[in-house]
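In what follows, chain A forms one complex with chain B and a second complex with chain C.
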Partner chain A sequence: MGATHLPSTEFDGTEVDEQREASAETVLGGPGVEMVQLLDVDGKLGEDEVYSSYAKRLDPEKLRGFYADMAAIRRFDQEATALQRQGQLALWVPLTGQEAAQIGSGRATQPQDYIFPTYREHGVALTRNVDLAELLRQFRGVSNGGWDPKETNFHLYTLVLAAQTLHAVGYAMGIQRDQQLADAVGSGADAAGDAGERAAVMAYFGDGASSEGDVHESMVFAASYNAPVVFFCQNNHWAISVPSTVQTRVPLANRAKGYGFPGIRVDGNDVIAVHAVTEWALEHARSGKGPVLIEAFTYRVGAHTTADDPTKYRELAEEAVWRAKDPLDRLEKHLRTEGYADDAFFEKVKDDGAELAAYVRRTAYDLKSPDIRQSFANVYAEAHPLVAEELAWFEQYSAGFAEEAADEASEDAR
Partner chain B sequence: MTTMTIAKAINEGLRASLKSNPKALLMGEDIGALGGVYRVTDGLISEFGPSRVVDTPLAESGIIGTAIGMALRGYSPVCEIQFDGFVFPGFNQITTQLAKMHSRSHGRLTVPVVIRVPYGGGIGSIEHHSESPEALFAHTAGLRIITPSNPHDAYWMIQQAVDCQDPVIVFEPKRRYWLKGEVDLDSPGPAADPFKAQVLREGTDATIVAYGPLVPVALAAANAAAEDGNSVEVIDLRSISPIDFDTVTASVEKTGRLIVTHEAPTFGGIGGEIAARVSERAFLSLEAPVIRVGGFHMPYPVAKVEEDYLPDIDRLLEALDRALAY
Partner chain C sequence: MTLKKFNLPDVGEGLTEAEIVSWKVKPGDSVAVNDILCEIETAKSLVELPSPYAGTVRELLVPEGVTIDVGTAIISVAEGVEGDPTPADAPVPAAVTTAVPDAPAAAESLMYGTLPADDSAPAGMSGPLVGSGPKADAVKRRPRISTGSSAGGVSNAMTANAPEVEPVQPHTPADVIQPAGPASASIPAEVDGAAPASRSAVENSITGAAAAAQAGIAGITGLVNRVLAKPPVRKIARDLGIDLADVVATGSRGEVTREDLVSYQAQRDAELDKADGFWGKAGRPQDQRVERIPVKGVRKATAKAMVESAFAAPHVSIFVDVDASRTMEFVKRLKASRDFEGIRVSPLLILAKAVIWAAARNPSVNATWVDNAEDGTAEIHVKHFLNLGIAAATPRGLMVPNIKDAQDLSLKQLALALNDLATTARAGKTKPADMQGGTLTVTNIGALGIDTGTPIINPGEVAIVAFGTIKQKPWVLDGEVIPRWITTLGGSFDHRVVDGDLSARFMADVAAILEEPALLLD
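Moving on to the complex of A and B:
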């Protein structure tokens, strides 16, 4: 054997295949890959040196809340999928399977934190009090946004993968400057607050987007300026039809090492662990210690979107394996075993879900189509002569039809 | 009145913005201790510190993307892109994110980001350092694009860009960075509106519309034409998006002939847009087709032949002859 760093002269590709297989095991999580898990598939709560103390902060009321949130967002997801199938939405992006990753992380944020989602974070939206019916606006084709990000500190969905990770870092750099400005006027302690009241930023993205250059650049910038940002990667194993093993040879959390900040893989179907790890990371960021990468190891049980067909690229057996790790079942077992919740609770959750679904359905039907004049209105913040000219033309053109209609009406009257 | 170069005028304009607006800040590669590769930000880091004059990692998408985030937090970042040809790694952030944020948020979010891009050729430089990509950005709704051609405009336009609530790309004519001129530091005067064109020289026989680095060339061509007895009006467009078609149309209604010149290739360029608009607005005033004088449909050529690529006085005069011969 020669030096291992030199390419083999007998290279025929086998080594790469072997290496890829070996790395697939690592990426997919074999023995020896560290992953934070507190609640196992049987609903039993384990111990963790760092994170158990965070889990202990959760009283039964909070745990029931997590379950109710996860059940609500799953019900919402089903309803939105049905609305798409009935032609009421152009497209839907289902999240089923990722409830724990989203509710656990979203519930760990504080109101002053700012969240940059990608486009599947309906569960996080719920935790930020975004009206879920508003989420449908984009998918019904009546808005490219839908909600007021300033009201909820939950940014608009971003469809160009990973672009928002840079926005998140820039926003975090702004938070740092706010603190400097507050310090400069001598009111530092009051204005910036203690670490607990300071703001941090969450940047959501997926295993597919992790390959985008913007994720790399955002981590470089975040590390350079020690920005208070938590990168939250939901590794749901599939970027449409391409498995995560094509995106990476190492667990995605390991990449943080290369940037010089902590990276943690957490069981993304364990809402308690996700919540604990995210709380830890946000505290880390808020207290000025810099960025953290969390890889929530989870699974997209459904399709990428309602236009996708997973039977073309993956085995049903694989889906079954992950269904057995279902985040809701796991927490239900825990709540029941500990005596934190009874049948009445789960019945109520079901009823609430039906009510939410009815509300969403009703509101979706009522989402009015906008007027194109609104599109003219918001191209620029300040007056723009070309937009004004084209709008004036459009008004005149539309008025022609109105006159025609009026003429026809008066002719009919005669 | 103070005499200074365009580079110094932008430097002074940035200094004024940083002084008056505590939320304004600069970001870019080598803009701190070095003062930028063209020294446009020279001395600003020692005056305002590294939080407001930010040397960034070498990543253009990162610069624009984080600037968007800072704008969302209430800041007014001014990004420097080192050279025209290096704006493209940031193109995605500029066109898919920056340009659309206000629109897709129903006007709830504003992103007052300024992007400074030294552009154009004529400096004998290597590949990717001499391009004029303005049309690629002008095609994108949501962006404003301006380009000063003299120190007074440079001083005021950079500050107006910082004050604007929309994203503004400032294309800076790099081969004119050392062009000197008078700057009125107290009042913008005729530069009050950065999106309005200016008639720099009145004439009656033909109009030349130019912007950025070619404005001095257009003025020189007009002087040469005057020696032959032809009276040429010269308009400095100043703003590429929006374009002040009123000023251009009024001029063509007077002269009947229009030549548009820019370093960028003519195909799909700003000249074509101006020609189309003028034919719609002033068809009956035209005595000749609108003639475009610009770069060829080729990657920007090597420095040793760029003289043959760039519009110059002779090419403008040749175009003028054609227009007058109609």
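Moving on to the complex of A and C:
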């Protein structure tokens, strides 16, 4: 009876989930878990024996830049969401709430570093000088990518969960081998002495992707080959409707211990701490000491995508708790109390945001559809008779519809 | 000026339709880009649509409560103009001419669904097209050529990029409409199968009460389902045809779990299974065909109480039909409000509040008849407190637990008390103390789909209110027959205490609140 009539689903055993959630919550949320935080919720700068020295490198100009970046990307996020609601984008993946994690880590990278994003790293894209309007191409369905990764060392968005972590480790191993080769032939002798000139790789992923086998494999390889890669996990607490407490019973950063490299949990809503920890980790990787896992403890304030409705699976009270930890608010408090920025600055940031939004809106409408011939042209590097034949067939096939349409039109006219 | 039309976008991934839940603007309003125009409900969620245009709202093309296909024009906005006073433009059919597909103006209009600035549609097209074509081809299929152009040909389709990037048009006009008239190459772009009905409804909606009522109703149905549950649980519920709102939620966050569904389904199955094999075979000895059930426990207590009440208290029963549409709207708003998040709100809550309100105005209904056996005298004890009894069908039988001092509870506290009472009763955990000291009872027979009845008064009380089902019925308002949410209130009163006029006034007061819950603010 009853139970046997129920269709099975991928989520059997919800009662087990719930027990696990309960026990995991005590571990994950408890004060016992160490988390690097420099800027507290009230905008006061704290001390940390390792990372404070990194924070001290940031002058007021840099801090204002962080704020401007975070405000810009939030405004961009709102505009893109609106464009989706207006039918101009097929889908949008909002990042609101994760600005500090993305701007802080992105600004810690250097031009020679290579970044592998998920599909939500709009903030990191901004720090890598990707034209934000180009970022919309994929979401408008007019491109499979949208920008040239070689120009910015910011890889194309990967929609397959966690797949990019493997690519990242492979790329890091490539960098490592190039470096060894350069060292061996001697031409890299200078570079070898200066870790600053060397490159590292950043692999972004989320708490949901952390459950994928790809992440495990990539971490095993990264450790085995001591690859110069920083795994940057934004734990935004929700993998669509699955809370992070179901993904893991220990803080995600602890998993690094199992692979044998450092794992650090950082307050993902504290841009200064994220920047400091990422700088440390990238230096660690560039100097040949191997991979690092950073878990940025943050929160997806909005929906998973514009096709998602978070009110169906989580309480507004939880969102309210995290809204109180807003990354922009706390940096604004800091800038104001330290006297680093005045009303005029924040006013200008707002105006710049409006300008950016208008630019993105205008450009999105103008994004060009690709010519289908381009798809044929991209199959082989050089002309190929089979492809030419297929293109000819396709054109003939398409032309058939034009005739049919013309027939219909003339029938209508009759 | 240019008149822009906003087509319903696919706000999820691959949605084909949505319902307009409520409009946030009206014709004549000026809107800026990203101002919220309306709220729609898709299969996935409630979503607010921001305006893609800045200008003046010209016309709402779809009334509230109507479900339309993605790609249907929902609103027209006169762009960049502050209230152009020529309404003659409004009813012009949204004909997009494709005769000049390479002209920039035409390309523009294809992209935005704009009317050509000068009405360049051929004469044959200038009459109202809406309603003139049959609904063609209900089958949804991908457009073969994604522009609206039937004459453009493939080369145009490839180069005129703007129209084809429109990702939200699941069908081209050609898929949807078979032009009925001797039209040339022109195709009515914005017309689809839903339009004939919806357009005529729109015309009413601005002024007519009928459409307003319809909109209100649809708004109600659109919002009822705000129960927390994970997507797989939702899917199971949908597959089994279970309304999540009917299931008692036990999840740690107040959500309905899979286990809740299993037990709900088991209970439902058990009820159904019993129906088979119930009848005894003819020819068997008669005593084998009669099932003997000893009367004890709750059954016995219920029987005793009912006999006592029915024979001691002369019952008088009265009924009144009520238009409860405003109550339904009020309930809808409460459900949507943050204050009531996670609290189950139903029309019963409003009725309970109404009964408390009406009892204060007619105190004799909240009383007890007390016989003094010794000297043959009697007294009426009027209670200046209200312990509101709620008749509940429980696994153990009929129970009437009551909410103590219900008169002191705020609406929210009352809602919580009702939830609590119902959950406890359904779990069969109602304590005897919860059932003692009731002063007035409500029986929610509507929950079982019944219109009304003649309830028997709970012993020790002098009044009981039966709350019938609320359903849409034809109702006459201002001389017009329109669908409204109608319920019937029934009440039984002990005639020793409550005379006809008093019972009538009490019932009229309760009915007044259901018709206009705002009176509670009194």
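Here is the rule we use: the second predicted complex is superposed on the first by the 360 of 414 C-alpha atoms of A that agree within 3 Å, B and C clash if a C-alpha of one lies under 4 Å from a C-alpha of the other, contacts with A are read in each partner's own complex, and residues count from 1 in each chain.
In the analysis below, contacts are C-beta pairs under 8 Å (C-beta built on N, C-alpha and C of every residue); 3 or more make two chains touch, one makes a residue touch a chain.
All figures in this text were calculated on a predicted structure; none of them were measured in a lab.
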Inquiry  = A:E217 in the overlay: touching chain B, chain C, both, or neither? Say first, second, both or neither.
reply    = first
Query = According to the contact criterion defined above, which of chain B and chain C contacts more residues of chain A?
reply = C
Request  = For A:H384, select first, second, both or neither according to whether it touches chain B, chain C, the two together, or no partner.
outcome  = first
Ask   = Given the touch rule stated above, what does A:A90 touch, chain B (first), chain C (second), both, or neither?
value = second
Message = Is A:T298 touching anything from chain B or chain C once the two structures are fitted on A? First, second, both or neither.
response = neither
Ask   = Between chain B (first) and chain C (second), which, if any, makes contact with A:R361: first, second, both or neither?
value = second
Ask   = So, does A:S375 touch the first partner chain B, the second partner chain C, both, or neither?
value = first
Key: chain B and chain C footprints on chain A, overlapping residues   = none
Remark   = The answer for chain C against chain A in the complex is residues 6-13, 33-34, 44-52, 111, 144-145, 149-155, 157-159, 161-162, 164-168, 174, 179, 182-185, 226, 228-236, 239-240, 251-255, 257-259, 261-263, 265-266, 269-270, 273, 338, 341-342
Ask   = Touching chain B in the complex: which residues of chain A?
value = 114, 143-145, 148-150, 155-156, 158, 160, 163, 165-178, 180-181, 213-214, 217-218, 220-221, 224, 374-375, 377-382, 384-387
Request  = Going by the contact rule at the top, pick out the chain A residues touching chain C in the complex.
outcome  = 1-3, 5-7, 9-11, 14-15, 18, 21-22, 79, 82, 84-91, 140-142, 241, 305-309, 311-316, 361, 365, 367-369, 371-373, 395, 398-399, 401-402, 405-406, 408-409, 412-414
Request  = Using the touch rule from the top, collect the residues of chain B that touch chain A in their complex.
outcome  = 22, 25, 51, 56-57, 59, 61-62, 64-75, 77, 89, 92-93, 96-97, 100, 102-110, 141-142, 144, 164-166, 195, 241-246
